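Letters are used for the chains, namely A, B and C, taken in the order the chains are written, and counting of residues starts over at 1 for each.
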Amino acid sequence: MLHVAIATRAFRRYSTYRAATLAGIFTNSVFGIIYSYAYLAVWDANPTAGGYDAQDAVTYVWLGQALLMTIALWGGGTTDDLAERIRTGDVAIDLYRPVGIIGWYLASDLGRAAYHLLTRGFGPTLIGLVIFHISLPPSFSTAGAFAVSLVLAGVVSFAIRFLVASTAFWLLDQSGVKVMSGAFAIFFSGMMLPLVLFPGWLGTVANALPWASYVQVPADIWLGKHTGVDLVAALGFQLVWAAVLLTACQGVLRLATRKVVVQGG
Amino acid sequence: MPSHHSTEQPLIQVRDLQRTFDVRRRVEGRRRRVREEVLAVHDLTFSVEAGEMVGYIGPNGAGKSTTVKMLTGILVPTGGEVRVVGLDPSRNRVELARRIGVVFGQRSTLWWDLPLIDSFELLQKMYRIPPARYRQNLDRFVEILDLGKQLDTPVRQLSLGQRMRGDITAALLHDPEVLYLDEPTIGLDVVSKGRLREFLRSLNSERNTTLMLTTHDLQDIEALCERVIVIDHGTSVYDGSLAGLHAQGGSRRTLVVDLVDEAPPIDVPGAEVRKVEGPRQWLSFPSDASAAPIVAAVAAAYDVADLSIQEPDIEDVIRDLYARGA
Amino acid sequence: MAEAVRAQHLRTYGQIAWLWIRAAWQYPTSFVLLAVGNGLITGLDFVGLWIMFAHLDNLAGFSLHEVALLYGSASLALGIADTAIGSVERIGTYIRTGRLDQMLTKPVPLLVQVCADQFTLRRLGRLTQASIVFGWACTYVDWTPLKLVVAVSMLVSGGLVFFGLFVGFSCVQFWTQDATEFANAFTYGGATITQYPLNIFPRELLVGLTFVIPVAFVNWYPCLYLLGRSDPTGMPDALRFASPLAGLVTMAAALIVWRSGVRHYTSTGS
């Protein structure tokens, strides 16, 4: 129940940024339009590139834009608070609270994600629907699977962002690592270009990395590319990465706690 | 170098100055916030001659920083006129900036990530200070303010006192005619405060630098300023000497007496009992009177365990002043 | 007189920038790492384009070399502008922290100070990467003396257009700090658009990109000339030589907006 309260509070906190949210939806839509035309040109030259057709590709664009803020693809979210608290030293208090830090920040982040889903998730999706007539999930079960995939993507994203923020324990400042992580996320999540287009070994590597969980996996579920066993495998992929990365977070936190206790932050 | 202007023209002239702000306030019963006009400064008139040291004091929110912002060109007045060294600050910002120095107590003007000396060099470039003059000033201030060992330290690693001294150096490298200081001694220890006040005094006497000091610290004022302007609710309620302020404000000091046993309110000439709490009593007496006879009278008539004297709070002085409708 | 003033401002900008460079050079490894990192990150865009071409021979009728020319020139122009504009995008932060007020007490124009603040050469990373791509693409161009002139003017004008775009849209922060992302649609959106041949967009959009947000002049029109191609969207040929004009107009507009923004700030306070 505590975690629900934390999530609700985060939701409410982010919901006060009304003007910023509207501006954000506008920007998402502009980029959605740009990439849609770019992809239409690509699929015009090669109508079956990567196993997608033009309709799939354009839908993919708008899904990417919708997911961008929802899972905080570029970085940010509540883990920025963590980094700030590390910088000021306040985190030392958090480390001794009865509620686990990871649980706290995850709940917070999911609350934030819920708000962004409702606004910067649905907003661009609606606009994509109106302007480009993007595809919708073929069945209710697909939609349900997408919802699950979305949550898993959010968790994987959180874990990576948590790890990035934790570098502040050693580097004092997460911004350098955050920028690099964001760039990797944009590239390897399929945000810049669908991973289905990545050739040979690059494609194999990209599809195995955790960032594939961000956009490519949920998008493929939405597009109905994964069914039956395939679908379970896709969700399983996200689940495995979520578990591995969260464990890594715990490990890092343990190291950090030791450091704070020994060095006094 | 300061220009030679006629001695008739005051250096700083403020006439009927006015500044309103549009503020959105939440009002009961209305969903959207209501736009209100707040009068931060109004009907403000004063002049400062070259070489004066003026204290600009008032309670929080009285309009002090708003005034300084208008004097330095950061904010445009909504009414009235302001001239500094003959220039209109908001119209001739860059030209005026060459001739004034500003020290903000809360925020540093120095570049956070750079070593102190780099900040100074940056300022030399910005103010186009001739190299010889720059070296001369730099060496002098570094020596007096004891910054020699800090020159290569990044500003973010300096202590508050060192940073403040760095800020003052930074504000003076270009030989400004006017120096605005906003809470310069805040957070400093007693020794540093004393040294800083000494420095400012010598600055004024040697270079005839006009000083305008905004502060809450009455001791700063007493150490440095012959003249004080008291601002409250956006307008000047007193403009004159410090002594006059105490007299006019009817400010009073407080003698805190800890008696051995509880007793009824002490009765001695020249003092009034303001508060009684057990064996402790607060006696109020005029600031310009000496505490000695009162102390003697109390000690003679009562069993005293301990005594202390509280200086008048600037807030009290001003409150008294304003209440009297001065 | 105005010329002398402008020259003085540039000199002051240079002096401030030099001090930042010198300070950064105290930590050479960190500096090099950041520059390399910057180059890699900005280079990912081109990797994306290259991957695209693994699946097709041409994009909207443009080969990889031709798209590389478009991408390289735009990226160079963006890199130049990016290095020059410095911290303009952070105006809102400066307002909030009171730093802008402090800058206003210095005898240097505000724009010069904001642009020179925290000047960093790590953007050299992008410039290096862009130069490599552009250089490679240039080897496929049939050069004539006039084309050389057009190429140079394209880069300079492109820099001016981006500079004007970023400064102009950053001014939104003088009025409000809440909706700053709105500006990104035009600044970073404009930059993204220039990576592609503009005939992928409908004609109405192209007109907008020519006469409203003139990013089409950054690389599209001049590159059409360099590549010896006719305009697939049928716009007039004269536009190919109009980049300098576009650059100057954008700059002028940006400076007007900037002045207006500063006036608003000093008239209303923070």
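Methods note: contacts are C-beta pairs under 8 Å (C-beta built on N, C-alpha and C of every residue); 3 or more make two chains touch, one makes a residue touch a chain.
For clarity, every value in this text was computed on a predicted model and none was experimentally measured.
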Chain at maximum distance from chain B, centres defined as averaged CA atoms: A
Central chain of the complex, centres being mean CA coordinates: C
Chain B-chain C separation of Cα centroids, rounded to whole Å: 46
Averaged-CA centre spacing for the pair chain B and chain A, given as whole angstrom: 52
Geometric centre distance via CA averages, chain C-chain A, whole Å: 29
Touching residues (chain side chain C, partner chain B) in the complex: 12, 15-16, 19-20, 22-23, 97-99, 101-102, 104-109, 118, 266-269
Residue ranges of chain B touching chain C (in the complex, touch as defined): 21-22, 66, 69, 72-76, 90, 93-95, 97-98, 100, 102, 104, 107, 109, 113-115, 118, 121-123, 125-127
Interfacial residue positions of chain A with respect to chain C in the complex: 17, 19-20, 22-24, 26-27, 30-31, 34, 37-38, 40-42, 44-46, 49-50, 176, 179-180, 183, 186-187, 192-193, 197-199, 202
Chain A partner contacts - residues on chain C that touch it in the complex: 34, 37, 40-41, 44-45, 47-48, 51-52, 54-60, 176, 178-182, 184-186, 189, 192-193, 196-197, 200-202, 205
